[in-house]
Structure formats: C-alpha cells, structure tokens
Amino acid sequence: VSDGGLLEPGVHRAHGVADDAALVSAMLQVEVAWMRALADGGAASADHLDAVVRAVHGWQPTLDRTEIEDAGNPVLPLVRALRERVDDPDAARLLHAGLTSQDVLDSALMLLAQDATARLLVDLGRTAETLARLADEHRGSMMAGRTLTQYAVPTTFGLKAAQWLVAVLDAADHLEVVRRSLPVQCGGAAGTLSRAADLVADPGAAAAALADGLGLAWPGMPWHTRRAPVTRIGDAVVEILDALGVVAADLVTLGRPEVGEVREGPAPGRGGSSTMPHKQNPVLVTLVHAAALQAPQLGAQLHLCAGQAVDERPPGAWHAEWPALRRLLRLSVATTAQAAELVAGLRVDTEVMARRAHEAADQLLAERGADGTGDPAAYLGATDAFIDAALARFHGGTDGA
Amino acid sequence: VSDGGLLEPGVHRAHGVADDAALVSAMLQVEVAWMRALADGGAASADHLDAVVRAVHGWQPTLDRTEIEDAGNPVLPLVRALRERVDDPDAARLLHAGLTSQDVLDSALMLLAQDATARLLVDLGRTAETLARLADEHRGSMMAGRTLTQYAVPTTFGLKAAQWLVAVLDAADHLEVVRRSLPVQCGGAAGTLSRAADLVADPGAAAAALADGLGLAWPGMPWHTRRAPVTRIGDAVVEILDALGVVAADLVTLGRPEVGEVREGPAPGRGGSSTMPHKQNPVLVTLVHAAALQAPQLGAQLHLCAGQAVDERPPGAWHAEWPALRRLLRLSVATTAQAAELVAGLRVDTEVMARRAHEAADQLLAERGADGTGDPAAYLGATDAFIDAALARFHGGTDGA
Amino acid sequence: VSDGGLLEPGVHRAHGVADDAALVSAMLQVEVAWMRALADGGAASADHLDAVVRAVHGWQPTLDRTEIEDAGNPVLPLVRALRERVDDPDAARLLHAGLTSQDVLDSALMLLAQDATARLLVDLGRTAETLARLADEHRGSMMAGRTLTQYAVPTTFGLKAAQWLVAVLDAADHLEVVRRSLPVQCGGAAGTLSRAADLVADPGAAAAALADGLGLAWPGMPWHTRRAPVTRIGDAVVEILDALGVVAADLVTLGRPEVGEVREGPAPGRGGSSTMPHKQNPVLVTLVHAAALQAPQLGAQLHLCAGQAVDERPPGAWHAEWPALRRLLRLSVATTAQAAELVAGLRVDTEVMARRAHEAADQLLAERGADGTGDPAAYLGATDAFIDAALARFHGGTDGA
Amino acid sequence: VSDGGLLEPGVHRAHGVADDAALVSAMLQVEVAWMRALADGGAASADHLDAVVRAVHGWQPTLDRTEIEDAGNPVLPLVRALRERVDDPDAARLLHAGLTSQDVLDSALMLLAQDATARLLVDLGRTAETLARLADEHRGSMMAGRTLTQYAVPTTFGLKAAQWLVAVLDAADHLEVVRRSLPVQCGGAAGTLSRAADLVADPGAAAAALADGLGLAWPGMPWHTRRAPVTRIGDAVVEILDALGVVAADLVTLGRPEVGEVREGPAPGRGGSSTMPHKQNPVLVTLVHAAALQAPQLGAQLHLCAGQAVDERPPGAWHAEWPALRRLLRLSVATTAQAAELVAGLRVDTEVMARRAHEAADQLLAERGADGTGDPAAYLGATDAFIDAALARFHGGTDGA
C-alpha cells in the first residue's frame, strides 16, 4: 500500500477519479478509438479493429513499474502488453501506429478530466442549490458585518450566502467553458502526423475521428508544447477551490464557540477527538480549508511546466505536470463533495446573530453618524437587491463570468 | 531610490504601468467618477462635483509612507489630502461618501489592469503578425524535430512558428475575454452599500454609473471577498508568459552555437559581456525565459489570497494580492514588448537546418522503416495543413479559447 | 488502485517510503513507545505494556476511509481499532492516554522522515563518490565553458563534476543537520501535557522517554504550531533536488545530439520510443529534471502551512502539510536513486569535448586578447585548484553547510 | 515613480535595504575590493587602486535603463561608467579585470543580504525580548486552549508567548548560521578564474582577499551554478516570516471583538477606516499576516531557479532570482520591524481570558473526566515547565536549531 489515502482524509469521495485503473482504461479507450479512426481512414480493416476490441475487452493489466520508468511513461509498456494480446499480427502492428506516447497519455488525461469535471459540476450544482436556498431564507437574518476582523456595518447571512453562491456559479461557469473544449492530442512522433500521413489520406481527418470517438475536441493541431489545455483545467479547478475555501474560511470564524453564528452540522461519528470526549471538531470545514491552501501550488506547477515545454516534446516539463494534475483532480472532486455536504448541513443560529448585532449596534451604526436610529436592521442598504441579483443569476443561469 | 529597476532589466518598457503615479491617478479617477455618480443620483450638486474635479485637476500628490502604513492602504491618506484641497466643505464631506477603501483600490487596480492588458494585446498582436509571417515563409524550411532532446522525425520551422503563433493567439483571446469584464468594485463599508443607500435612491444604479464612468463593468454585486476578477487576470497573464516562455525556451536551444538554427538578432550595444569581447548573449531570450520562470508563483499568490478572503473584507489576504498583481502586470508588459522585438529580429538559418536534417536523415526517418526514401523532406506529414490551420486562425480571428 | 504510480515513473524506487503501511507501522511504534514511557513513569504496569505490545505484534490493520475522514486524520481510527485488540481493559484505557492525534501523527511523520533521509544520504553518498571520481579523472578533459548559452572560456569536465559534487555534499550536510534533530511531538490535547501530568509525575520526562524510544529528539516543548521541524525537512530535501536538478539540466544540453559531450548511459529496455526504433531517450535525465521542477512548490506548501498554524492546533494548515511532505519524501528518495544510477552510467566523450574546444578556440580565448596562445588548454585558470578543493572537501568530509 | 511603495504599506521601514542605491553602492564596493585584491596580488599598483577609490568616492551614478536591459544586468553599464571616471587609463583597464558580471552582482547581493540580515536579527532580538517578558508575566494568565477552532483544555497566555518566542529564537538561530557563511562570488567568465590567473599568481588567494575586503566568506570555489547560498537565505527568511505569521494569525483570532483576549495596541492615527469613525483595525497584524502569505512563493522562486542553473552560467534562471530575493529581503525587514512594534504594544486582557476559561470550564476539563475539580487553573499540566524551558533557551542563548 503506498497510496497516501491515510494522509488525504476524504479522498475516497474521489473514488475512481484519475486513479491508475481509470488511467489504464482511458489509455485503452484512446488506442481503440485510434484503431477505429485508422479503419475509417482505410488503413485498417474491420477485422483489425475487432481484434483490438477483443483484446481490450475486460482486460485490466498491471503494468510493471520498472518498465514504466524505463519508458518514462506508462504508454509504451501498455502498448507492448496489448500487442501481445492481439491475436491478429497485422492488427497488432497497426495498433498505436502513427501515435506517440504523448498522444495517448494527453488524450487519456483529458478523458480523466472530463470525468472529474462532470463530477465537479454535479457537486457544485448541489452546493449552489443549497446556497440559493440559504440566501433566500436568510435575507432577513441580520448579522454583524466584519471587516479586517472588526465590526463594520450590519449585513445579513442571506447576503453572505449569496456571495458564496455567486462565487460557486462563476467557478462552475468557468469550468463549463473549459470542459466544453477539452482537446484530443494527436500529433505523432513530433507533432507532424508523419506516420499517420503514410497510413491514411487525411491525417487531420483521422485526428478529428479520434476526437469524435472519445467525445473530445480536435483543435486542428497537436498541442504537445502548447499546454493551455492543461493549465486552463488547473486554473478553473483552483478557482473552484478558492470559492469553496472562502466558505470554509468564513466558517472557521463563524463556528468558533465565541462567535457561534454558523456551525458545521453534526454527523454520527464525525469530529470526535482522540482524547477529549466533548469535542465536536468542524472536520469538513477543516478539510475544505486545507484544500484551498493546497490548490494554488498545484496550479502553479502546471503553469511552470507550460512555460518550459521546449522542442517538439519536452524532457521533464511534460512529466512534471502529471502528478499535479492528477492530484488537483482528485483533491477537487473530494473537496467539492465535502463542501456540498457541508453547506447542506450548516447550523445557522439567527438568534445569536441578531443578539450580537444589537449588542454591537453602536459600532455597526457608527458610519451612519449621529442620526442613526439605533436599529441595525434599518441599515442594511442594498443587501436585498444583491441577494435578488444572485438568485436571478442562479435561476437564470446567466453567465456572469 | 528603491524601485528595483536595476534588478528587472527591461522593466522601463512597462513605463507607467501600475506604478505609483498611475495608481494615484486611477484612485483619483475613481473618486471623481463616484462624485459624478452621486451627482447623477441627486446626492451631490453640479457644484460639488466641480469642486472635486477642480481639486483633482493637475494634482500629483505625494503620500506619506507612514500614513499609508497606518491606514493599511493608500486610500485613506489620499482621501484625506484630497478633502483638504476641495474648497467647498460640503463637497469635501461628500467626497468618497458611501465608498470604502477597497472600493477605490480594487477599482483603481482594475483600471491599471485595463491599461496593462491593452498594451499586452498590442504587443501580442505584433508578435502574432511576425509569427504568422514566419510560419508562412518557413513552411518549406525543413528542420530536425526533437523530442526528449533527441532527433525524432523531420518538421519545419514554419510549423514551429505556427505552434508559437497559436499559443499567442489563444493567450490573447483569453486575455480579451478577461479584459472585457473587468469589474468595478462598489460595496461600501461591508459590501452592503449601506451608506450609499442613505445618499441615493438606488445604490445599485450609482454603482453602475461608477462603472460606466470608468469604462468598467458592474457585476451587480460587490466582490470584496470573491476574487475571481483578480485571479482571472493573473491566470490570463501567466498564460501569456507561458506561451512566450516556450518561444524563449526553444530559442535557448536553437540559438546555442552547437545548434545555430535560430538566433536572437543583434542590436547595437546589446548582449555584450563585461569581460569577453566576442560575446553576443541572447539577452531578450534570457529575459523572456526568466519571466516565464517567475509568473507561475505570482499567479499562485493571487489564488492563495482568493481562497482566504474571509469575513466581509479580509485582514491580509487582500493586502497580499497587491504586490503580486502589480508585479505581474509590469513584468508581463515588459516581457511582451521584449518578445515582440525578439521574434521580429530572429535570424533563421535555413541552411543549417537543412544540412542537419540531411545529416540526421537516418534517425529522422527511422520511424518510417526500411522503405524510407532517405529524403526527410518527403516525410513532413501534415505540417503544411497545420500551418494552414494556424494561419486561418490568425486571419480569421476565430476564438479558440 | 488509486496510487498514481503510473504517473510517477520510478517511484517504485521509493518502495516503503512514507506509504500507508509505513505510516501505520510508525503510528503503532509511537503508541507502543508512549505506553513504555507511561510504564517508566509508573502510570502503567509491565503487564499493560505487554498487552499493547502483543496486540500490535504482526498487526497490519486496514483503516476505514470514512472513519479517517470523520476523524480528520488516521490516528483516531487506529487507536480505536487497537483498543479493541488489546485484551486487557486497563491497558486499552491507558493506550494513547495523554497524547493527542497530532502527537502520534507528527511523531510518525518524523519516523518516516528519518527513514527517508537515511536512504537519501546513502544515495547522495553514492552519487558523491561517482562525482569525485569523475572530477579527478576528467581534470584534464577540456571542454568549452558556456555562459548564457554561448561559448565563454575553456573549462574542464572535471570542474563541472566538481561543482556538481560540492552541491551534493552541501545538500547532504544540510540534510544531516536536519536529520540529527528530528523531534518527537508530545504535547497532549493542547500542548500542555495536562492529561499526562495527571498520569505521571514528570510529563517532560515521559516526553523525553518517548523520544528516546523512537530515536528522535525531545526539544523540551511540543511544536504543534511551530512547524520549523517540517519546513526544515522540506528545505533540505528541496536543496537536494536543486543540486540534482542542475546535473540533469546540464545533461539535457550536453546530451543533445548536436552537443554530444556527455550522455546518459544506455540500459537494456530503457529510453525506447513507442514509435521510433532508433530513439534512445535520456530517461533518468528527464525524470530528475522533472523532479527539480516539482520540488519548490512542495516546499512552499510546507512553509505556507507553517505560517498559518493558528491556535493551539490549527484547522487545515496542519492537514495541508501531509500530502506535500509525503510526496516530497517519496519523490526525493526515488529521484536520488535515479541520480545515483544516472551519474554512475554517464558516457563522457572527451574527444568531442576537445574537438569542439579547439574549433571554438577563437571565441574561448577572446577574453585573453591578442596575445592568446591559441591553445585553450593553456587557459584553464584555477580549474585544477578548484577540483582539488572539491576533492579535499569530499575526502575530508568537512562541513561547508 | 514606479516603486510600488503605495502597495506595500510599511515598506519604508526597510529604507535602504536592497534598494537600487544600496545595490549600486555594493557593486562599487566589490569593484574596489577586487582592485585592492589585484593590488595585493601584484597585478595593480597602489596608484591604480587610488585612482579607482577616487573615482568611486561620493559617486552616485544613475544607470541607463536601456543599457541595463542590453547588458541583461546592471554590472556592465556600471563598469563602463566607472571606467570613464577613472582618470588613470591603466587603472581603468584593470578595473573589473578577471571578474564577470555575476561575480559582482552575486557578491553585491550577498552584501545586501548581510545588511538586511543584521537588521532582521536586531528586530528579532527585540521581539524575543518582549515575548520572553510576556511569557514570564503571563505564566499565570489562564486562557482557553483552542484546537481545530474549538475549546480543548486550559492553557496560559504565558505558554502561548513562550511558543511564539521559541519560534522566533529558532528562526534567528537559523538566520545567524546562514549569515555567518554568506559567500563572495569570484569565478571570472566561466568559473575558472582564467583571466585572474593571468593577472595574479594565486587567483584563489585573490578571491579570498576579495572576501576579506567585503566581510564575506570565500568558499574555495565559485558558485555561479550552485545556488544554495541564495536559497538558504530565502529559506531562513521565510522561516522568520512563518514564525511571525503564526503570531499574526493568532492575533487575527484573539483580537476579534467576540474573543477580545489580546489586541494590537492603538497608535495615534493608525487603524482608522475611510468611512467608519469607530474602527480600530489591527493594521500591523494584518500586514504581518499578509507577509506570511507572500513569503513561501518568493522562497519557492529561489529554489526553482536553483534547480535550473545550467551551463557555467545560466540564461534566465539567474535573472529570475533577483526580484524575488530583493523583495524577500525588503518584505522581511519591514515585517520584522512591524512585528517588533506589534508585540511590544499588545493589549492582553487577562480578565476576559479568565472569565472565558471559567465559563467554558466544562469543556476545558472534559478530558480530565468526572473527577475534575472544576477549576481550569488546576489543569495546566506542564505549562510552567515549558515556559521555563523557553526562557532558559532565551537567556542561555542555546541553539535549538
């Protein structure tokens, strides 16, 4: 066991996301789809394709770790093992013909991203729904506004939820844009499709067929050294964790016993201490907060590699992308699931909010000056209008990105 | 002198970008535009507005550093000094009324970003034009394709230029999207526009008027703690430096004397050594490469802050954004100007390229197998088609973002 | 399978380093050592200790992922499961008494670091030995010195190896210093050893006994929120990868076919291409280079958490350390093993070096001016003296840290 | 004005640290010291040295920004301008002879680091003194211990101060170690001292003399591509900001109005709001917290460059170090000064602490179980012993690094 799950609490929520089995399966999908593209282009027969489909069917190979290192990536060992399974020698020869390792691995990673982003969108949707409900329900739940840690003017918990909501909607819209253009990689040895051009009349058409077969986009050229498809996934995912991180950071404060305005809901068996029987630790808050502290470095890793993608395919800058991208996908899927559960279970104590706002009324109304009425609830400005704007955005699905 | 210019060669190319004078000017623009919005809303008279406009006209204040620290930001000292200059006491009182420091500083930073991104787009456009020319001119300039540092299959310099081109176009499109929605900040003390609502009937309309006056967008709500507007600038700018970084990284290799295929052009007085008279160092290549090594950390800084934007306005996470954003704007403007000059001056040695490709023909054609013709120029696959696709993208201006 | 090995080529070289099984084993070691400390302090009997030792013996628990998330860390589920296995109810009650989760996990992570750093030092030692040999053997192997990618003055490969050597020695010395003071964590619920003080007369002595039992240091106080022990491991490990990264970056250049001065040695089955039969990719160079691109962000992650370690134990900043520390340990152990093999197998082509130096003699001697003899070998300055200094450092083992 | 001071509140506290004037002065010091070393070695006469000393005396050159970019660094323009000022042509020729730009700039940066670290140590010393006083004075100031944001067991403010203290002492010790070995750079064009060896009999002795003249260490070899001297400064400085960051993060919580246990002291004119008259924002807390959010990325930048220091002197990886190092020095000096003032002015409200601990006694004593006395002050465990250990460390000055 070397999988690190013990040090990533909640990562089981990302079960199947970008793990080794999913990667192998995605790489095999790419090889089969390419064989189909070759068949479409007349380079392979239906029998060749069948032979490869048969060989892949139900196959769950275990790749040798030494071979992966010797190849520098998992594609070569996989292709080699698959060729041995294909019972038609011509089909075995045609398998992978015209592709390079990076075509297979990049495309497979895009498939993993497609899966992960679908899951992210579902959980962001659940979170948005909850937040929209909270924004509406609590439009009258007055609380102290806090700036630079001190009391400022009154606000409402509804507006806070509305702000969280719009951040989630913006991040989801951003992800949706990225998701729609996840590209297939297809360039052959050095991005010229030279070998494919020997096999089929129109290698660009074969690349487009590969994309179609996988549900990805063909951007018209390979992108072996243009890594924006990777960094844009990273940026969008980090933006999600930024948005959820703010929710968690707010709850770190609002759930302190001295504040006690909004707390993580209890769950059986959750949040206990190894030593203190009374403890009810805000576990989901902690884990979401921790994720927001980790995401920026992972996103930076992707950009760093993108700026060093030298030659026709780079030595190292490509390899250094993989663990960061994989980790970002798994971390974000797990965290987004945690966040959806967290907001759904929040305990909002409107009485504490109101009592505090009244006790702090002098400070909360100081801005208004001497003619203040003394009732913080009469000094809520545009809170309702802002909540309405956020809810309209949520219901209309208009893109504010 | 503490401005660090000595350690940022070429930063003078970003003259006026996000420097202190530009920031002061932008903050004053915000205050005047807000005064106009108050006048539009009936809270101030034309005379009040005039008094403020007069006071601002031609004024170039020097702010006291201790006062900036005491306030935690430069807005309060600026407002205080400006109030003293306004000769109408009522106007002085109304100045800044309803805004908070963050409204002014965030909006001013968006104005600085507007200026910087305009300059970026101009220089990216110049770079794209050059690269499109190179891609077309060199579609027949065969060279060795290199992967993992070793010879792979033949390619052309035209395709390399086309790849650089598409990366630049993608980055420019991305920036354009971000630029179009740079938002005004307008929320008052704690994001409720409470004070503004006491002054005007429709504070949202005042915020929209502020946006109009500044050429920014009003997103319908303040974003004191939703920092995607800031991180998206960062992500787009880092993507630009990723794209230019690849150009530089390629030139680091191609311009080595042992390779000698593409070199930075000479410029009088440039690239000399303090000790070796013959030296012609690739200075612009070096500086663009250096910029690509710096951008990811700066982008990560913005995301890190975004995930910690607690309360109604955060203690620290906001402040830690500023130097990174400022540096990213200045670095990218200077680097993009350097890159435009760099690509315009490239010395492409097609003879060296061809000679090397022929000498390495055995390796470059190994993929093709025994029936290779021996002429690498006959194994260029889809290079032309890819160049056409890139040029169509350039001429059509279609958005691949 | 979710362990990511497919995307971390060579990580099997870090087998057993900081993986889940090693972590469980280390946590159990901590619990047993604490039970022994309690027994030493008179709080537990020899029978109690025996009962715990028996329960742990040969036990390889699988912890439930949901329970880990519910607890926020793996300690509570482990303690709970272990308590069930201890057949003496009093011993079960005493187990873990006085500790908090963080005591166990931090101490266990230090044990993992102790193991990983031991392995790092062995492989750094092997690397240093090879480099010392290369420095000595090649003190006469003249080659072109290159600065800013262009020919500068002559140097020798011996000096290059000597520079690599000193970087490795410095990094190893730094690691050794850190390794010698890896601390035990022992503070109880909130860093006061309150419960331990109810159990034993001198809780500080119990902490010291715990440290003794584990081969760690007791720094006199817990460090729940002072994370320098963690960041110092990170800094030292990143420094190692910096040093090895330079070796790899140099080999990226020197091993290009156009340069051909030093190449990664061949190994059966290594470096092949999925499509090009002739390819001999520099795989170890690529992977070491990739590691150097990843380490800085991982080290930054640790520092970022260290600066946010709020309260008596923080919500999130602690949790966000774990995956980065684990990854850094595994990455560095695998990379250091790769680097040791890489330098041992280097193919140094002194003829190519000499030929190039002579061909470039005009440039390499330009600094010397008109009275240059024309023989680059006569312009090697202090190269020999510097090699001697490096070798003296290697043989003397003097600490330059 | 482009110096960014408006966006770095408090940076005036780092006046003269690593600014352009200080850099020019340091570079001139290096040139003079090298001239002296040449004179010592017999390559220059006393008259030559005098001519250079005269030319430098009182000179405050303004370097042309275009020339800096053309050279890629500020050394060449400075040497050129200085040569014009030296009235003895032989002296002018000898000036800088045998050095390369990197020798001058790296050595100058070490001088700037020497100055900055001296200032850091002074302010860390002031902070430590205050914290030692607070630890001792407040050893009886019971307060609630908080873990994962919730009440845990009782602790004292004295222990909290003691933990802050030890972190500061550790960081200061670490910095002291780094400071003692700040090295001179001296390698000539490509790290061989080839030209120097033509000028003096023993170029290593000249390098050592240069070091002596500057108060730096000569490590026996140049370190153009071994950047541990730079990363170690970075790591030590980041560790300082980690330590101070924890103080600030604690104060973010403890100074909230709902907690009110420890607050930043008031200062005339500090912490006001641009809109709310009552506001007393914790400005220094905010700025120190912001610094801790920025330091890790800056430190990572240095490591990233260190791992890419290719060839005999690298194209870009060196240049990308400078702004990060400069910023880290200035940020840390300003922040350390702010922190010293912050801790000196803290308002500790022991009554609030005690009242809260008593109110929360049930929870704070839950760990102790049913036989708890109900008085949290009776459950303080080893707090006093830990405070004593910290104070002994402070008074003894023993190195816990």
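Read from first to last, the chains carry the letters A, B, C and D; within each, the first residue is number 1.
Definition applied: contacts are C-beta pairs under 8 Å (C-beta built on N, C-alpha and C of every residue); 3 or more make two chains touch, one makes a residue touch a chain.
All values derive from a computational prediction rather than experimental measurement.
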Fewest touching-chain hops separating chain B from chain D
1
Between chain pairs C-D and A-D, which one is joined by a greater number of C-beta pairs in contact?
C-D
Of all chains present, which has the mean Cα position farthest from that of chain C?
B
Length of the line joining the C-alpha centres of chain A and chain D, rounded to whole Å
37
Centre-of-Cα separation between chain C and chain A, whole angstrom
30
Distance between the centres, which are taken as Cα means, of chain D and chain C, whole angstrom
25
For chain B, which residues are shared contacts with two or more other chains?
72, 100, 146-149, 152-153, 188-189, 195, 252-253, 273, 275-276, 281-282, 285-286, 292-293, 297, 300-301, 304, 308, 315, 367
Contact footprint of chain B on chain A as seen in their complex
72, 100, 145-149, 152-155, 159, 162-163, 166-167, 170-171, 174, 181, 188-198, 203-204, 219-222, 225-228, 231-232, 235, 238-239, 241-243, 245-246, 249-250, 252-253, 292-293, 295-297, 299-301, 303-304, 306-315, 367-368, 379-383, 385-386, 389-390, 393, 400-401
Which of the residues in chain B come into contact with chain C in the complex?
146-153, 252-253, 255-259, 273, 275-282, 285-286, 297, 300, 304, 356, 360, 362-363, 366-367
Using the touch definition up top, name the residues of chain C that touch chain A in the complex.
1-13, 15-16, 19-21, 23-24, 63, 65-76, 79, 96-101, 104, 188-189, 195, 248, 252, 267, 269-276, 281-283, 285-287, 289-294, 297-298, 300-301, 304-305, 308, 315-317, 319-320, 322-324, 326-327, 330, 338
